[in-house]
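Presented below is the structure to which this report refers.
As written, the chain order gives the labels A, B, C and D, with residue 1 at the start of each chain.
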Amino acid sequence: MSTRSIGQEFVKGLWDENPVFRQLLGLCPTLAVTGWVINGLAMGLATSFVLIFSSLVVSSIKKFIPSQVRIASYIVIIATFVTIADRCMAAFFPLISKNLGPYIPLIVVNCIILGRQEAFSSRNSVGRSFIDALGMSSGFVLALLILSSIREVLGVGTFLGLQVMGTWFKPWIIMILPPGAFLTLGILLGIALHIERKTKARK
Amino acid sequence: MSLSARMIIVLTFVGLLSGSFLATVDLLTKERIELNRQREIEEAILQVVPGTHSSQKLYEEKDLTVYGGKDKKGILVGFAIQASGIGFQGKITLMLGTNPSIKKINSLKVIDQKETPGLGAKINDRESFLKFWDNKDCSNLLTLHKPAVKTQEELSHSEINTITGATISSEAVLNLVNSSLNRLRQLEKEGSLSSEEQDVN
Amino acid sequence: MTDKIIILQSSPHFKDKDSVPKIMYAVIISLAPAIFTSLYFFRFKALVLLLSCVAACLTTEALFLFLRRKPLHSLLDGSAIITGLLLAMTLPPSLSPELAVIGAVVAMAIGKQVFGGLGNNIFNPALVGRAFLQTAFPVAMTTWIPSVMTKVDILTYATPLGNLKFENAVAQGTLTSLKDLFFGNTGGCLGETSALALILGGLFLLFRRVIDWRIPLGIFLSLTIFTGIFWLANPEKYTSPLFHILAGGFLIGAFFMATDMVTSPITPLGAWVYALGIGLIVGLIRFFGGFPEGVMYSILFMNTFVPLLNRYTRPRILGGRRKG
Amino acid sequence: MKVKTFPHGVHPPEFKESTEEKAIHSMPPPDKVTIPLLQHFGSPAESLVQKGDEVYLSQKIGEGQTLFSASVHSSVSGKVLSVDMFSHPAGYPVPAVTIKNDGQDRISTEREEAKDPFSLSPEKIRQKVKEAGVVGLGGAAFPTAVKLSPPNDKPIDTIIINGCECEPLLTSDYRLMLEASDEILKGAELARIATGAERIIIGIEDNKKKAFEIFQEKIRDYPGEAVLLKTKYPEGAEKNLIYALLRREVPRGGLPFDVGIVVQNVGTAKAIWDAVHDGKPLYERVITVSGQSIKDPNNLLVRIGTSFESVIEFCGGLSEDANILVMGGPMMGIAQWSLDIPVIKGTSGILAWPAPPPRLEYSCIHCGRCIEHCPMVLVPTRLAKYVKYNNLTEAENWGILDCVECGCCQYICPSNIPLVHWIRLGKDKIISLKRKKNP
């Protein structure tokens, strides 16, 4: 189906089709949990886990699923992996699980995951789907990391809990509050669009 | 095979598979999650009632749970009250430790809060807020000292420090503490604090 | 004549003298009394804040105009200076200048230029800057010092409204006197302390027809009625409408912030709805909200409705419904 | 005395002092006239003459073909030099007849005078008006015969004579009111008879008190009254004038007929009288030549077809600083690029002045002044924006077609946005789209 090379299949998720900056998917967790880098990272990894495994399963059983019930089956598959992720986090990383609260179960309705199944895994081989899911996950983790780094550094003056700003710095509390998420994401989207236009014009 | 039959079979199959998977995961993690939850409460009780060897749930109602802490000999060393109330942005859950006579607060611990980070969230900050609760006489109603001070010495007997710029959050904690202390005294008078022999450990 | 430069232009060929820079400079002039009182009451601190805000606004505007390859003449239309002045007027005098500069940059960059510059912003830029500072540095933004005229030696000081909200001032009888509120001998932001100076400036703007008279009047009416009802019902608990009008940012908001042409409705009916809404929300926040003051948030809140108001309060065309 | 007016509008500077005391001066016919066969909107008149023909003064040289076109008459006697395309003041070429003046002013025998015009039937009056090619002299040049023929289902009760002359600089109507008040009233009376109206109302702005007093006195002989109006632009715009005088609103997209009214300019009223009583076709009119760059500003009676150049020459020529040349008033007039343009029936003034200092255009700051001053109560800034971004459907929804292009919005706009220009462009686009849909 896809005419890209394996490398391109992976790289597209990082920029060209980056789920957050280019496709504006999965904005709910992106906005909600990126106040601290550790939360953003955990959220990104949990989503990656769900995305990669659902892509593997969906692409391997795509031939058996009648198209009328495909969305229902995808959701069941995704929900399974989400629940696994949720339970495991609660068991092994109780603190992060508490911080992320309902956002882990909410991965079920993250558009990135269902979107990739519908747009890619249901039409491509297992190998390609895996690479695609890997690329998309990396793109998502990357976006969350950028966003949460900016917010944590400006909002608290720390990165992953380590003090990075000097004592002269007065933390911008707004950055770890919900408005900070909107401000940062808005500005990042603006910059992404600007870069996109520039590269397009050059071509 | 007709389409509807295939649909039913596929969905059933997917559902069964998912279900069995989840059941396995649940089996594997259930105990740990429960353990985590218990450990959290236990640690909190240990913190607010020092010298606790074992603790028991003595009383439970909506937004208020009372635990009794006992030392090795089984003598009551203090009460731990887990109470929840509305703060500036959302629910605040506290763990409050008192001596057995409910005359003195051992210390205060914030279990859960959704206050404004950097502002109301300082109710979870020892330096500016929590340390002022340590060993506080609570035989009288506690009041808030405004504006904020730096050391315990600047406060009078039954005064508690405010957080600069977060009067509402400070007040919420204060009210929560005052009301749960009152409730605890009332419960003790009624004798409802009989041990239900429900060991938390 | 045919061999000379001929100007071919579309009618009308006459033009009123008023222009955007003239309007903007009128606003600056009208702010003069409030600026002088703030300099008088807060001295050097006020001067530093005013200068740093204006300089930061002008620099940010220039930078954005340069980046967007726009003509730099819009820098001199006065709008950036107004934003800087208004922002400084709403800051507590004890705020450190570098925070004020951050606020000014946010005001110009996020409040104004990202929307496309003068005329395209949804929110009042100065208030965007202030709201950012309020949320980013809540402690610094709520630390007040008394004016130099108050002979009390204390480090922190409550604003009249903070006093009312958190210290139960009505019951304790420590309410700031109306006379102090009127002349400005009280704590508060640079520009909101003296009601007299603000009223002078506001009257000048009304006289010069720079601002729509409906907006200050509407805000005034709705706050008076709202607070008046509560005051009459329970004067023990609530303060009089006059106190609410003189205290806090009400006057600077009603005369200088809410009337910002760009972010207020263009239709007369829209202006009424907008103004009444602001007054009502100010009252609600002051009585029942978590903050002692609500002028900034109520104006920003009503700003969001302006495009909608403009659309649905369109005036009736002469001749009414279109024939056929 | 109560002064009536309408809501909104603007107060541009008047600058009428230089010509308002100057009596109407007859300008000698020029050597050559160029008479466009189209002098208003609609289709051009059919030419009745050919190159080389001898024509008399007031001979019909163009026949109006459709309902909305008016006949054109020669304004001199002489030889037809050419029938060709020629620049029209509105900026596009139209067929025009150029006639060499022999200086004789020979009158054709066709002129028929009416002894007792007030006893004529409405049909006869209309026919004579049509024959004389009378059009509205206020500027739009709408054929008067059409205006005098209300549809049967719309009874007319009032004739309004428009003596406002709200445009700055212009004084031609004012002088006419002072010097030809009898003819104006008689013409109004003829219009009243032709439309079956009950009364005449003459509306005059309060900066023309002298004219008002004359009419207040003279109108006693007729059924009607003279009313003083506030000096404000555009007091003389048809719909606003009707609202100011009678508080009646002409429905959107409708005509004054719809509220039982016919409005005639004072100059038109006089032209009706001339046409019916003397059988004199409309071949000359009063214009104001004024402005800072005209050396000797004046009110002139000028033959139709005279070039602007000869008119300005007659007024002492242009001073060096002239940069803008306008036909009509400064608020609605059309800027001209050449002095070769002929005077037409709709020319109320020829104005010239130096270029104003350049002004920068700013983006709209939503001050709302255009709404506060629009006499039609439109939202000009929004209309302009819709046209700019080519959203014609919304522009039409917001009433762009109701705009009368009076220019108040652009006059008052502090951002210096060419609002009228955008609105005109939008109207043009919408109308041409509609024509394409149902031709």
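Please note the rule applied: contacts are C-beta pairs under 8 Å (C-beta built on N, C-alpha and C of every residue); 3 or more make two chains touch, one makes a residue touch a chain.
Only a predicted model underlies this, so the values are computations on that prediction, with no experimental measurement involved.
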* Asked: Among all chains, which one's averaged Cα position is nearest the averaged Cα position of every protein chain shown?
  -> C
* Asked: Which chain's mean C-alpha position is the greatest distance from chain C's?
  -> D
* Selected pair, greater C-beta contact count between A-B and B-C -> A-B
* Return the distance between the CA-based centres of chain B and chain C, expressed in whole Å. => 44
* Between chain A and chain B, tell me the centre distance in angstrom, where each centre is the average of that chain's C-alpha atoms. => 33
* Taking each chain's centre as the mean of its CA atoms, how far is chain B from chain D in angstrom? -> 87
* To do: Starting from the mean Cα coordinates of chain A and chain C, work out the distance between those two points in Å.
  => 41
* Hey, what residues on chain A touch two or more of the other chains? -> 173, 177
* Structure fact -> Residue ranges of chain C touching at least 2 other chains are 138
* Residue numbers of chain D (touch at least two other chains) -> none
* To do: Give the pairs of chains that touch; include all such pairs.
  => A-B, A-C, B-C, C-D
* Structure fact -> The residues of chain B that touch chain A in their complex are 3, 6-7, 10-11, 14-15, 18, 21-22, 25-26, 28-29, 32-33, 36, 40, 116-119
* Within their complex, state which residues of chain D touch chain C. => 10, 12-13, 168, 239-240, 243, 249-254, 258, 318, 322-326, 328, 330-339, 352, 355-356, 359-360, 362-368, 371-372, 375-379, 381-382, 398-399, 402, 405-408, 410-416, 418, 420-421, 424
* To do: Name, in rising order, each residue of chain C that touches chain A in their complex.
  => 99, 102, 110, 114, 132, 135-138, 140
* Asked: Can you name the residues of chain A that touch chain C in the complex?
  -> 170, 172-175, 177, 179, 183, 186-187, 190
* Structure fact -> Counting only contacts in the complex, chain A reaches chain B at residues 35, 64-66, 68-69, 72-73, 76-77, 79-80, 83-84, 87-88, 90-92, 94, 155-156, 171, 173, 176-177
